[in-house]
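Going by the order they are written in, the chains are A, B, C, D, E and F; count residues from 1 in each one.
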Amino acid sequence: MDISIIEIKKIVESALSEDIGSGDITTAFVVPDNLMANGIIVAEEDIVLSGIGVAEEVFRALDSDVAFEALANDGDSVKTGSNIARLHGNARTLLTGERVALNFLQRLSGIATLSRKFKVAVNGFPVRIVDTRKTTPGLRTLEKYAVRAGGCWNHRFGLFDGILIKENHIALTGGIAVAISSVKARVPHTIKIEIEVSNLEEVREAVQAGADIILLDNMDIQMMKEAVSIIRGHKDKNLLIEASGGMTLDRVKEVASTGVDIISAGALIHSAVWANISMDINKIKE
Amino acid sequence: MDISIIEIKKIVESALSEDIGSGDITTAFVVPDNLMANGIIVAEEDIVLSGIGVAEEVFRALDSDVAFEALANDGDSVKTGSNIARLHGNARTLLTGERVALNFLQRLSGIATLSRKFKVAVNGFPVRIVDTRKTTPGLRTLEKYAVRAGGCWNHRFGLFDGILIKENHIALTGGIAVAISSVKARVPHTIKIEIEVSNLEEVREAVQAGADIILLDNMDIQMMKEAVSIIRGHKDKNLLIEASGGMTLDRVKEVASTGVDIISAGALIHSAVWANISMDINKIKE
Amino acid sequence: MDISIIEIKKIVESALSEDIGSGDITTAFVVPDNLMANGIIVAEEDIVLSGIGVAEEVFRALDSDVAFEALANDGDSVKTGSNIARLHGNARTLLTGERVALNFLQRLSGIATLSRKFKVAVNGFPVRIVDTRKTTPGLRTLEKYAVRAGGCWNHRFGLFDGILIKENHIALTGGIAVAISSVKARVPHTIKIEIEVSNLEEVREAVQAGADIILLDNMDIQMMKEAVSIIRGHKDKNLLIEASGGMTLDRVKEVASTGVDIISAGALIHSAVWANISMDINKIKE
Amino acid sequence: MDISIIEIKKIVESALSEDIGSGDITTAFVVPDNLMANGIIVAEEDIVLSGIGVAEEVFRALDSDVAFEALANDGDSVKTGSNIARLHGNARTLLTGERVALNFLQRLSGIATLSRKFKVAVNGFPVRIVDTRKTTPGLRTLEKYAVRAGGCWNHRFGLFDGILIKENHIALTGGIAVAISSVKARVPHTIKIEIEVSNLEEVREAVQAGADIILLDNMDIQMMKEAVSIIRGHKDKNLLIEASGGMTLDRVKEVASTGVDIISAGALIHSAVWANISMDINKIKE
Amino acid sequence: MDISIIEIKKIVESALSEDIGSGDITTAFVVPDNLMANGIIVAEEDIVLSGIGVAEEVFRALDSDVAFEALANDGDSVKTGSNIARLHGNARTLLTGERVALNFLQRLSGIATLSRKFKVAVNGFPVRIVDTRKTTPGLRTLEKYAVRAGGCWNHRFGLFDGILIKENHIALTGGIAVAISSVKARVPHTIKIEIEVSNLEEVREAVQAGADIILLDNMDIQMMKEAVSIIRGHKDKNLLIEASGGMTLDRVKEVASTGVDIISAGALIHSAVWANISMDINKIKE
Amino acid sequence: MDISIIEIKKIVESALSEDIGSGDITTAFVVPDNLMANGIIVAEEDIVLSGIGVAEEVFRALDSDVAFEALANDGDSVKTGSNIARLHGNARTLLTGERVALNFLQRLSGIATLSRKFKVAVNGFPVRIVDTRKTTPGLRTLEKYAVRAGGCWNHRFGLFDGILIKENHIALTGGIAVAISSVKARVPHTIKIEIEVSNLEEVREAVQAGADIILLDNMDIQMMKEAVSIIRGHKDKNLLIEASGGMTLDRVKEVASTGVDIISAGALIHSAVWANISMDINKIKE
């Protein structure tokens, strides 16, 4: 994974604490302490996998002796019935970690699977589908990782690492030109300036004011096309054009056809349902 | 809310840290420090509301001087276009808190809205729809709260506060009778013993062994009916009957008609998509 | 141990931070860095052991290379002078970890030893002695574990995983029947409903209202007997009867003789004094 | 209180999380949200009070609107039946905070009450009774505070803020003189050097080597007297003499009579049982 | 301040815990509990102020009743002997918070003061002096804030919010072109791509490969000039030019004269010594 | 190191989180996952080394498989160009950990190097140079460790482990005698009592009142000499004399010549600039 192991360990430990609390009483009362078992994680439907390393870390956090063999990689298309991972270790550990491991895998693979559909929908167009800040509180790092596993891209992570001047910001200050010049005076030189616009006049104003990225928010297809045409007229500025607002799977191809560079879709994350993945745990035959 | 304020504050603070990091640079660079503003949170579709108190806590954590007036309560059906809350306070605070507040509201109201649909689907039947442990890691307390706001009920919270002997447990030990008697010997007397069964023989065994709750897992309707009939034959045991396994909105009414007491549906949470809710922030007219 | 390794690690690390702070200056200034030593943990009086796994974790958290061999298990009766564990490792680690390891062992074994006495006191009666929520703040998981090591049982863990309607609750609402029906409407189906009563009228009311467990609080022996007789008259309801209030070692046998199913005694934990356990550390003979 | 409010808040919040978890379900299901109540905390036996400020902080952490009026101060002798504090506030808050507040008060007052007995036992002698590092993991700050409330004194807090060269340290290095001179070369000048000795030869060696405090460990009364006599012979060195080892309430007066300056007794904390304190919560009469 | 209040509170609380631990024993033993006092914070040399809001938060965290009046703002030049802030409140609180408040103020004002000197040194040149990731572990948010207070700018915050392909990265892969194209394929569109080069050939390669920012590392003045000339030859690419490597106060003017856009100087932070600031606390005259 | 491994791990993990956040995107996008590399840490100027064990822990926290071989010890004088440590491991890990490891090494070695200069400046005098509480918030444990590595000593760690009655304390109470006797009545017997004085009258008063350490604050050399003479006149009291106030490298020798025992100098830490240390990372030749 290309995400920090320090962060993964924190998220995994916190998820385990949430589920296990003081202890897994069913397992403790039913299963002998020293019993060994095999486990197998299986795709119950066609999915794009994401979170296999997180699942491994779940069992590792409980017991460093568990053997975990991934049989597919994040980003792989996995067919119904295919095995995703094989485990071997203390039976109690496998039982106690099962649900948390699956919760990560199912949530993340759900996002990756939907992201892949978005990506496929715009195949052939020079466009990126990116996520937004509409993510489940506490899980943004992983959810954005799953978007990448699905083949899409990330927008900024949060309020601290990107500039996006939105309608509300503009309304509260003296307009587009003032907002952009205020930002230019202070923003680190490593970050591009993006501004949200909703009509063609604002598009022109944003181009003049020196934005790096123009976000066409909630425009209809026709207006998007005109906006693209206006912006492309300023070739020397190398501007990026992003479109947002209700970007569903049905719509993205048409939007891509307008010539925008980026389509941002909260739906990648907020409309993803869980992928169906299960785990079987078996006593080792003697 | 009927959940601990200590927990809510922790979850909210952690969500704010995730999104804001070292600071909201767009707002800091664009909006004057002392500007006041009004905000309004609006339902963009018909929803069942959940999380209004969490949203309030988001703004309160940033600035105790923000005025937040809820215009609807958790559990209320809110129509498209209705106002959910009115805010007044420092413009920067409203802008910085907006997304996190909405992320909670949209995720939780999404769950509440779907839960309400499940509840309505079994109207008239003496049955409870309950959730499962299939929840987003880190957000279980709030997601289970949203299920209640939708009018459904909760199953156990985690591995520590309930006994559910699953197929995997039984497979790893000496069978249903042994498992139940092991648990009986050790479980706190305040907790009921639930066991998962998948055929009628197991049903009979579980009843004999003294389970309190029989979970009919992945049975077809016919088998469920027979299982109910067998279990109801032991009136003096006051057993509860729960059904689980692929409980979609389409199926629950038919399952309810089998006479089970409880239907557990992971879908309440894992198949909920976000409710569409937005926030407008306006300068105060002078 | 049947408690979560995640929780144990947190408690142990926090205890080590409390005692060691920035560093064990005596040891650092006196003992060479690379000296190896043997340690032996010894019972200085007859005890029931509890916490051996926690003690091991204390040394492991400081230095994963320490060898720790337990010579007795939690729950074992250990005689004066018997060895409990043998250690081998860096001399500084043994010296630095000694007090924290003993603090856990002495506190937990103190509880296990007293719990065993309670258990023995009611030998032959079909009754459980259980603990209460009267535990040392921050140490409940381990203290309740020690109660089990002593051979007694646990009541609910906290306010979140059990229903106990107490006198104060009833006084603040409309009485027993209302309180129980309010709870029934909302409590997860996995949790039994317990209610505290202090006279026979309340006993009858609680039975009628459908409680699962009747807690006879601060009744004298005669009243307890009558209460038991009333409740056992409702055989079909399978009610559990618990007695509480000043349950000292002297009294529990007489209380057990009334026929109650459970005796809850805060004394298991709040009146336990530390078991006398010591540790010797010796240079390795060359 | 003379302890850091930052630490108290952390301990209190952690204790509340432990007990309440996701929520106090009994109270939430039974007691209306907006009900107000009065509470009264009462001594059920003669105690020395400790922890009243912690109890206040418990309720304050749940709800800043609770009124908490202390009717006695830490260190006060409180008679059976006396009121310790009066509360007024939301009924749910009083019910939810009750047990945690009492757990602190009962544990700390138990220690203060026992400490007071030790202090009284040596009345008239120019001696201090001090505690040790035998404290409940996680609660040392508060337990040492309770010792002071009882009228005794504290030894060092942990391994970081005092030098105590114990038998084990000496055994692992080249003897008393070497150990003391190693420490002298490195210890901050603000900290005295204490060394544990168990016979008169070691006493003389420790005096020669330049210790500031001589700890007479597990000596009988006669040997203590001789040790005191030897040490007092070096008037110019201003040495402090401490005695330790099985210091029970029965023995301390005789030990004090030997002329030692300090008696360290783990029993102040590890042999204290909880003080009996209760809380009543009543609906407000209209 | 334009940084997150959530982060400031965490840093302040952690600093107070570090200094106060279980309690400020000198103050607790010497100063009466209810004494009120005035405090005044004074510049003992000419400084540029930074951290006044953090200092206020220090006292606020200890006691919300302290009155803190700032007499200067972050970024102000403050002359020797000038008052920076006036305080009024409980004497113990002022004494206990003094050192931590000053530690923040002195460290941050030291950085702001040095940053101002760098800024002044390049007055008249169209260049930004920016900081680096050479910051004190744990204090980056505040140290970068102090740089801004001094009138300079920030580079990226950490490894997560900016792309800087350094010599080590290039050495480990297939060269500049490959590295840049790998990044382009995956980096969020909101982030510019910066690459470090050390000779003119690399400059040309970086320009060709499509970098957004060229970092001239450890070049002499002559080579910098040639590099600038090469890069400015590609006007349509709008490239930014940054210079780094041993950027001391003595050198920056000459570097600025080469025409680079940005000079990054670790010295702003790692070579700043503390500003001299003190606090007086006085009894209130009756 | 003589500091707690528990604390080091916490500080290191927190520093890594600060720098890496969700992930090191440059490295992830540029460097293959399975590439191995060698690293070498080099002194770029003459330094006294401190923090080598912390640097090792940085890489260990990211990846337990990294081999880290220290080539010098803390406290060693290391010449320009000398190698400090050799590393071997995953190339991504070396790149990601580099800056944090160097930040610790450079800050701590900067302090050790300056401390060494102070120590050398008073060579031949029976005096200790000690640090103060003027330390970077959050880093006190390590900064005080670096002072020791440089050959100087530590004063108290914080407000909890030493008594220092300062001018402000005295001003707020009834004077020196009262302050000292209040402290004597309550302070643990393991801690010496230090008091700050600023003229000869106060010196006499402090001696009379029974202080253990007299801190001569901001006196000129002549007054210091007289103060020393007065205090040494009371030989039987074994008093320590400390001098403080603007103790720069230029002045300490003259101050040492007055005969004081201790010179406390905030400058050891607050005026230390970073040592110049770098790290090279190379592909392994095949």
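Here is the rule we go by: a contact is a pair of C-beta atoms (placed from the backbone, for glycine too) under 8 Å apart; a residue touches a chain by one contact, two chains touch by 3 or more.
Quick caveat: nothing in here was measured; it's all calculated off a predicted structure.
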Self-contact between copies chain D and chain F, residue sets same or different by half: same
Between chain D and chain C, distance of the C-alpha-averaged centres to the nearest whole Å: 22
Chain B and chain C, separation of their C-alpha mean positions in angstrom: 32
Distance from the mean Cα position of chain D to that of chain B, given in whole angstrom: 44
Interface hub residues of chain C, defined as touching at least two other chains: 20-25, 29, 140, 157, 160-164, 186
Complete list of chain pairs which touch one another: A-B, A-C, A-E, A-F, B-C, B-D, B-E, C-D, C-F, D-E, D-F, E-F
Chain E to chain D touching residues, read off their complex: 13, 16-17, 20-25, 28-29, 61-63
Residue ranges of chain B in contact with chain D within the complex: 2-7, 140-141, 144, 157
Residue numbers on chain C that touch chain D, as the complex places them: 11, 14-15, 18-27, 29-32, 35, 37, 91, 95-96, 98-100, 102-104, 106-107, 110, 133-140, 157-166, 168-169, 171-173, 179, 182-183, 185-187, 266, 270-274, 280-283
Contacting residues of chain D [partner chain F, same complex]: 128, 130, 148, 153-157, 160-164, 186, 188-192, 194, 213, 236-238, 240, 242, 261-262
